[in-house]
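Two complexes are shown next, each including subunit A; its partner changes from subunit B in the first to subunit C in the second.
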Partner chain A sequence: MKGYRNYFANKLIWFGITLVAAFVLNFFLPRLMPGNPVAAIVARLAQGMSNTAGVQAIYEQYAKLFGTDKTMLEQFFLYVRNVFRGDFGYSFSQYPRTVADVIRASIWWTIFLQFPAIIVGWVLGNTLGAMAAYRKGGFDKVLLPVSIFVSSLPAFGMAVILLVIFGVTLKWLPTSGGYGYDLIPNLSWSFIWSVIVHYQLPFWSIVLITIGGQAIGMRSMAIYELNADYVKYSRFMGIKDGKIVRYVFRNAMLPQVTGLALAVGTMVGGALVAEIIFSYPGLGSTILTAVLGQDYPLISATTLIVTIMVLIANFVIEIIYGFLDPRIKAAQAD
Partner chain B sequence: MKHTIRQVFRSGKFVVGFSIFMGILLIVTFYPLIIRDAPLKIIGQGTFFAPGIYVNVYDSMGSPHYTILLDDAAAKRIADKLDDDDRQAIKEWLVAAGISEDAIEIENTESLLDLWVNNFDPTTRIPGMTNADRNYYIRLNTALDGLLSTEGAIVASVNPETGALEEKGVIRQTDYVNVNQVPNVRVLPLGTDNFGRDVLTELVQATAVSLRIGIVAGLIATFIGLVLGLVSGYIGGLVDDVIMFITNLFIVIPSFVLLILISFSIGQEQRGAFTIAVVIGFTSWVWTARAVRSQVISLRNRDHVNLSKLSGHSIAHIIAFDILPYIASYVVMALILQISSGILAEAGLSILGLGPRTTDVPTLGLMMNWAMIYQAHILGKWWAYFPVIIVIALIAFSMNLMNTGLDQVFNPALRD
Partner chain C sequence: MGNAVLEVNELTTKYITRFGENIYAVDHVSLKVEEGKSLGIAGESGCGKSTLALSLMGYYFPPLYYTSGQIIIDGQNISGMDPDEVRKAILGKEIAYIPQSAMNALNPTQRIINFIEDVIEAHKPYATKKEIYDQAKSLFEVLGLPAEVLNKYPVELSGGMKQRTVIAISVILSPQILIADEPSSALDVTSQKMVIKMLRNLMDSGLIKSMIFITHELPLLYNVTDDIMVMYAGQIVEKAGAHEMVFTPIHPYSQGLMGSIMVPESGLRDKKLTAIPGVPPNLKNPPSGCRFAERCKYVMPECRVTSIPLRDAGGGRAYRCILPKEFLMEAYERERGER
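And now, the complex of A and B:
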């Protein structure tokens, strides 16, 4: 256990640094853009508004939110303090709800949709890729082009195709929303069932996309490993095939775990767009409403939350990786 | 060099991917030369016209008419007016009105219509029938009226002086026009979109713009990644530490989030296709930088590089002649991947409403965005979104195939 301490400490420090960087970017990027952001946002919001008092009120609210009267550094610390209190201000498109409120309502939909889907897709994809590498022949010949094609489809494309087939044509599953529009969220069976039914299409569209990419990666890794010297040596030694395969796939798996850690950000991005296709009530749809409503505070907060989610997922995967890869323990014990 | 290219073209996967990509490129180049319509011109008054050949009705009246006697013409005409639901409804009414079910043959149009004409009476009140249903049957009756008649239709125009109708001619049921003789025929192979624009013309232009976005984004990303990777890998030391620190940060912070933030801050008016491409390029160089760096580090201490150093070559010379050729294959592969992911990134942004401003050019993402906003997928208007998905998938598929092919050529371990 002691050997791991350095590794974890290292990862934790790195996680902290990235978090700070994400904060800084989230704060400074919009402010680095040419022009006064407050004036630009107000100008957009106030289009067609004749009430000068209203425009002035909007301006002041934004000026207060951005704190443009203070120095950049002061603004930054104010922002950090507010974020730590969970205070993201008011949403402009969904006034009088606060941004924190809007996010609290949507974040769980996204978490429970995307992370299980990515994990299931990852497991299935790796299994298929490993089988293709090991079996070769016809299975591989079919699986590889199919995987390449499926992983070429954008997540929203897969979402639309599944939606049209199973939702519109076959009418097996509902086409939009996270639960029936006639239901109020509660713990009744009909509500839970409705949630499960609405969950299927978004879930499987993310799973299918993930399978494609992962299968390709795992296939090449496994082919590399199957051709490695230790495999031939073990064969000469007369070790059973089943046992060798276990070692091979454990070794091939490690880069795939790292790959998952690095790709999780991209996957979440794609899945957020897929959510929009299904009008799933998660963060993806929240970003869309925020963009359409020119709701700056909501966009800023949602992107920050998504970044933090991805960072945490990353951190967790790195920790798991630490346990899976014996080399890390060995390296840290020295 | 020649040998490498020959080897690359021997890989089946690369050739397939390359042919698909070249095919798309050819269509994109030559289609606008042949069909010179403005891609964003609104031609249809209405949304989502189905794909097909549109023949001008007015012109076809004036074109020469030919009499063609076809046996099934009448049956087809009736079948078009009388669909299965209507037949079922007629049967229900007849049964309710007291006709025995055995006497009604739902598929036999003539006997069905006979029964209907003889029995239907709009004043009959059938118990349990709602007013809406009654009105439906009355409408149906009007529509069916004259369906079995063999008379032609009279074309008339209004006399501007007297205001009276003047007969211009009779169109018989056996009259046909030759489509080639009708002056105005418009083929819409993929129908029109929600604005009434020709989808195919728009799609070709959108593909061209999206490819350009992908290429600009890919070149920028690959260039930044290559320079940073070379500098950080070859020079090492503090420079390496700083560059790798930044790279590692941006690898975990999702580029999608950065894209959203930047695009939103730029504002709708400033967001042209080129701006979007530049933004995508500047947010997606991290992978290339990291991979190039690790390759350069493994090359840095090779004998030929040391020899070059001893000969007194400058750093620029060493990088250009002793290192770049060794990582060129990798850089090409990275560029291909960047192009396809740039196209996908644009599409994703556009669906979020953060794509290029909508007035000058179509892009694949914008077309998708409009189709989704107008619910083409729910309404079953497949031509508005499905070709777009297919084109995006084909571009990405061809690029991935090329990449897999190149990978197998340059990494012999991956060959079967």
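And now, the complex of A and C:
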């Protein structure tokens, strides 16, 4: 148990350090972009106004409201304090909506899209990879090149391919949005059906990308494990093949769990891109509009939330991994 | 003559490679191990010792395939049996195996006791966990292993302890015969001694009836086993009692092996096999005549014509060469005298 405590403490410290770094970067990076968003908002509001003093007054009012009249460092500490109070401030580009309000409207779309897609992709990828390793032959000969092809596509590539085939050419599925434009969100069957239909393309584009990489990894791990000495010894002690296959896949799975922890960041990044391509109303699309509108508070908040989600997923996976693999505990105990 | 625990007649097995080639790594091997006796198998790397060990189990999986011959354990011919029947009734119960790389022979993510449970359940589906634990604990105690080992993972054990644990697990179903493939090669000297002592102990205490011991360390073989068999390129080239094999080898290959560890006055020197000039033939297409011809200093044209049978040399000895044993033994004596 001591080994596991060390492991846990170690992971927790790294979690903390990464979190601090995320806070700093997510705050400063957007604000280093050239341009003055407050001026842009004011220019929009003040269209047609000729009184420069009036425009100036409006500008100052907004600068005060958004806090941009203070120094960058002051703004940062204010931001940190407010975030811990759950206050992300106003969105610049969608004023008077608050950032929290904008995020609340989009985050669930992202969570319901990405979690199931990544998990389904991971499970399917690992199952297929394991089958390819065990059955070999024709199945393996087809699966391997296809997986290599799929996993080397950039995330948006798969989205575009599916969009062109199923959305544009075959016209089977809608190509953009989270539900039909003509519908108002409610619990009616037609709305739910519309959501399900709109879900398909972004979902499968994420699933397919995930399957590719996972299948390749699982296949090579399983082939390695199938040739391990313990397999031969277990066979000669009379243990049934079915049981040995279970040993093998459990062991081959372990590195795939860490693989998942490493890949979660990239996957979420790719999935955000898929959202943008399908104009899915999640965080990905929100980040895009925030960046285009130089909406500092919204950029900081959305990227911070994505970072925190990835970090938590990572942390949870690593903690589970440490539990599953006795070698981790042994290595940490020395 | 005691009764034979293991009798093997003309056993031939082959590897089929990914490219469809046949490699006959065990070629018409016959041997017999009697109750209370141990047999050593020696030979250079690649001559088929490990393949013979695997083949003796009577349970084959790719790329190794059975071709012909008989394996008779305690009067029962297992070479024609249904594989699942062999798995249930023979493996671990009649014949057990310790792999060459016993260091990695245990599933790294399973506690020792859980593996033992799986082993026992494969043969006795109704054993309870408690019974299994008690059985394992008392076996470990008899063998001088701490019972805490049972609740550990393989990574938590030292190399020597892991090896002894594997040996203990191998005998948990009280097999008649144990086949140990280089059980001590990868260990430090102290652990080696403990492992050898443990194997001897298994024999002396009657936990196993007989043993086949494969190793490169000839002095070790001389000390541990009753008989020695020398293999070359998939065939047996000589069989003899351990003492006879070491002091009066007949076959030119055995002579080369033994000569490399002999010093005339002091008998055995602690030294591993040193290379005899040349390399063994490729087993994909072995020569039609004597397989040792390329490296033999007595080679004659007749040697290369047809395969050489194993000849009886009297006194339970046999060798595979066309030259008379008197000639070969005399030549060896002379050579030793000169050095």
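Observations on the structure shown:
We adopt the following convention: the second predicted complex is superposed on the first by the 255 of 334 C-alpha atoms of A that agree within 3 Å, B and C clash if a C-alpha of one lies under 4 Å from a C-alpha of the other, contacts with A are read in each partner's own complex, and residues count from 1 in each chain.
Keep in mind that, in the parts below, a residue touches a chain if its C-beta (ideal position, glycine included) is under 8 Å from a C-beta of that chain, and two chains touch if they have at least 3 such contacts.
Since we're looking at a predicted model, the values are computed, not measured.
In the model built by aligning both structures on subunit A, subunit B fits alongside subunit C without clashing. Contacts of A:152 after superposition: subunit B is touched, whereas subunit C is not reached. Contact with subunit B, but none with subunit C, is seen for A:168 once the two complexes are overlaid on the shared chain.
Residue contacts after overlaying the shared chain place A:277 against subunit B, while subunit C stays out of touching range. Looking at the superposition, the partner that touches the larger set of subunit A residues, subunit B or subunit C, turns out to be B. Once the two complexes are laid over each other on the shared chain, residue contacts for A:323 go to neither subunit B nor subunit C. Contacts of A:265 after superposition: subunit B is touched, whereas subunit C is not reached. Look at A:160: by the touch rule set out above, it reaches subunit B but stays clear of subunit C. Minimum Cα-Cα distance between subunit B and subunit C in the superposed model: 8 Å.
Within subunit A, no residue touches subunit B in one complex and subunit C in the other. Put simply, subunit C touches subunit A in their complex at residues 57, 59, 61, 87-88, 90-93, 96-97, 99, 101-111, 115, 118-119, 122-123, 153, 155-156, 166, 169-170.
Here subunit A touches subunit B in the complex through residues 14, 17-18, 21-22, 25-26, 29-30, 33, 37, 40, 44, 136, 140, 144-145, 148-149, 151-154, 156-157, 160-161, 163-164, 168, 175-176, 216, 220, 223-224, 227, 262, 265-266, 268-270, 272-273, 276-277, 287-288, 291-292, 296, 299-300, 303, 306-307, 310-311, 314, going by the rule given at the top. Residues 248-249, 251-258, 260-262, 264-268, 340, 344, 347-348, 351-354, 368, 372, 377-378, 380, 382, 385, 389, 392-394, 396-397, 399-401, 404, 407, 413-414, 416 of subunit B are the ones that touch subunit A when the two sit in their complex.
Note for the complex: subunit A touches subunit C at residues 228-230, 232-240, 243, 247, 250-251, 254, 324-327, 330-331.
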